[in-house]
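Take a look at the structure set out below.
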């Protein structure tokens, strides 16, 4: 198989960096160029110094569209549409957008959650990559929604690492503030609820329950932890079985029979789930790396699917473990 | 005022150490002795080296009961009763127990949550100091319970620092495991629910709702964060007003009109609350230091109340802030 | 004793906040006003929310000079002189400057390191408060310098918490960057070396050795750790004795006979030293809190000395311990 | 190429776990079995839950020697010799020992630092894998030693993550103690100095300088940072050039022209160096992951070399980056 000529737009940020870390060693990808206005003409190791010894690539501010077979867009939310208008890629260029701009499936984009939309992704040439919290929450709940088990409000608490807020400086990302600290934001109103509910409606058109989501800022850099629960009349065994069945072909989503913790998933493309029944509730925990399964890793998983490669290609990552 | 002759039983652990840090500079306390079987005859600065320059005290394994006006029991849960049986203090010795053993108000103990039981504590000579999670959750919810606002299940998520698990070594307190990590334990079954419900029944004998509590192990050493919510028909303003009224005489519990974060309360005896209405729910956040308002600080607050001192005495602590 | 009318200039930053945390409960201080241009008319709890329930003070942008008995200047380095030119305080107003601007003893300022300059501080009305690294390093080495023991280069490594870099946002203070990380800056050229050598010359006019200082950015918020060593022909006992003698009247500097760690000093005004002889070298470790003994705590210690109060007044702080 | 039948002895610990994480996806390795007495018959995902979905292997307590082409020994220091006596592997089995037991090159072991001993490793069937601090320090200094530049004592400070101390519980690995903390241990006497000096003697038989090494316990889980310096008469450019020449064929050791930080190397097999001249000293910084280049990663690098594979095989790891 020849290598796919691939471009990265917005290569200086966190998700751009993760794409680079993964694509440099992807056996079927050739990085044609990495775009960044701010870092133009600088080596990418200037922004991503951990890549020393792995690449001699230099950022460019020129967007070449011709001959590009796949392009990853890692632009700030809201800027993708105007970028694509200014830089029209060929009809058959695979576009994978990491922003929130097309997650409503507008403009012909497919919602890139492989566990739900595998077939659509196989046939897509425009993929909207899911949000990080959205990925963790949907994978925790999708089998229950599909089964029609949810007949009351779903209660969700989610904790995200600081990289979810990106590279830009902010008071809530100041080390002196965030270390040893804990806080809530966007209570019940997080923007990812929109794409979550869209998927739930797709799985069960009659779904109409509230998703009460408490998002926390965690005192760590990578990872998202989700706890979700709702009243459930079935047994734990029944639930575990249904989840195993639902995810039996999933490349990266696993149901653990042991208690889980966040670091099991950090620096991998996995989503690790654990299921419990207690006090009449079905509780599902999920752990992902917000920058991988929650962003750049899933983007490459989508690339693999869309171009017909095994989903694991370039994504068998060593977890941080400790 | 002469100084109260005070003993500390179990002075080598975390809560024992915090008692020492506070009592050494308490203007109306004289530490008669500090008991520890394991550290017998060693200077207390051996176990608590930060106290260098502040005390020359040495641990003893002899329990003197005579002449002791107040005694703090910082023994492992389950050991207090047999200790008191073996070492009977005088009727008028003030006993403040930090364990869970008498929080059911057995054996004449008063439940030492000053915001609820001020009068009883004023007249008590046996005080059962509340649990850390129990303190954070009760202070978040007491005014709502008292008002009779809770007519459905209460959803609570709580995150505790590692010091809540004490000095003993455990896999889940290993630095390599816990750093950058996050996990759940005792889902819906945390032992503090018992004392929480006991207080709620006291505030509203008809209270009969579920308290669904998700306890998390946080990636920090000190502090407890609580988020609690339930369906509420009133307005945010009404709720804020009721909470301000309820806590208007509280020495350490405050309602913040700003968003709060955990470190505001760390290394203080405060409980800082913030209140929000969203999606038909009343949401209350509370932040405390698990070793202070959640343990040793509250124990000294109880001492102050029981012996007729201003509640702040010896407890005007500088927060860690950063 | 009546209370000293005190002003804080630059009250919204980290050291300004620490001054407030301490002065609010200082028994002989009345805070006349807290100045901040950026926070004018906002409650100080807006910038320092942990102070809820302790103060109703509001920031002002008006500099009142009349009737002020003591003023703390917590302005950015380089701005103090022009501030004082614009706002001339009375001759007998005690000025304590936390910036680096007058640490060269210009304009009549005394260098405010109490362990060295006690008498001068007692008689001063202008005090230049030492730098944080400078405090840790000088207290580690002063007795050795005074004894004339140092006849070769001194090797120092020092690690600082993130609060040393202040409130402003910077790439090296980004939580995602700094967490779990470690790096060097200003190798051998740190600006504090100037005041360190000035003191060493004061203690021993013939002192002329190099101080090779490796400053590290640590992965914690508060504290400075110093390791210093140089060839030494005497014994460990001799050194310990000399240090104990040198610091026998010091209010906050202690020599520990046990191994020390940084957190013993965090959130206190202490400097904790430990001394070791190994491989022909005398090694001294010192641990301080960079914002307290390294800044605001020492400033208040200087205030106490200058106005004739016991040095501990308002400074008996509970360490964070964990 | 057929796959090498490989065994791991001591697979339940930290370095055993890292070996597993890497070998499972090594294209030329087949894991014959993973030995652990304590975890016998349990799935390896029980000890290493992050490996869910990647392996169905189960620990065994049976040591099979026949047919094993390569064996990794990840036993506690001091236990390897008696293990090998009890379990004699065939003459041509490649033995890679991660303990300190044969780093003195006894019993026919080659010291497995590829940057220095490449040829010997290519021909070895017994390899003693270097210590973590030893790797970081030797790679920082080897080119200078080889050039004969070091004519005075070398001053080294090194900071290690908590995983260097292994899985067992200890007071200094307690999360409540170590978080936000910093301390020294084994000052000037660290056991790795022995193998460091052995290599320096190999590079320059006349080398006879002191290596004054201050080892710190860092407040992070993974990584080792080294700062080393000594008087140097040449220029920075000359030094950089010599280092680039020395490491021009090194697979994982790189000289960065930018300032470096620890996390650039974390979760990779790289050693990243930076060189500076200041105050008459040549300063070299090095950053490695203590469990990878400092242990299991280097062990696999040695395997690759010994069996004739490209050094990168199975070791192109995504850094944690944040």
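Letters A, B, C and D mark the chains in the order given here, with residues in each chain numbered from 1 onward.
Just so it is clear, a contact is a pair of C-beta atoms (placed from the backbone, for glycine too) under 8 Å apart; a residue touches a chain by one contact, two chains touch by 3 or more.
Keep in mind that what you see is a predicted model, and the values were worked out from it rather than measured.
J.: Counting C-beta pairs in contact, which chain pair has more, B-D or B-C?
T.: More C-beta contacts join the chains of B-C.
J.: Going by C-alpha centroids, which chain is farthest from subunit B? Tell me that one.
T.: Ranked by distance of C-alpha centres from subunit B, the top chain is D.
J.: Could you check which of B-C, A-B or A-C has the same interface as A-D, with more than half of the contact pairs identical by residue number?
T.: Answer for A-D: the repeating interface is B-C.
J.: How big is the gap, in whole Å, between where the Cα atoms of subunit B centre and where those of subunit D centre?
T.: Distance between chain centres, rounded to whole Å: 46 Å.
J.: Between subunit C and subunit D, what is the gap in Å from one C-alpha centre to the other?
T.: 40
J.: Please report how many Å separate the Cα centroid of subunit B from that of subunit C, as a whole number.
T.: Distance between chain centres, rounded to whole Å: 33 Å.
J.: Two or more other chains in contact with one residue: find those residues in subunit A.
T.: 14, 162-163, 176-177, 179-180, 220-222, 260-261, 263, 266, 320, 322
J.: Subunit B touches which residues of subunit A in the complex?
T.: Those residues of subunit A that touch subunit B are 155, 157, 159, 176-177, 179-185, 187-189, 210, 212, 214, 216, 218-223, 225, 227, 229, 259-263, 266, 276, 278-279, 281, 283, 285, 320, 322.
J.: Once bound in the complex, which stretches of subunit A touch subunit C?
T.: Against subunit C, subunit A makes touches at 14, 161-163, 167, 169-171, 173-180, 220-221.
J.: Residues of subunit B touching subunit C in their complex?
T.: 14, 17-18, 21-22, 25, 45-46, 48-54, 162-163, 179-180, 221-222, 252, 254, 256, 258, 260-261, 263-268, 270, 272, 291, 316-322
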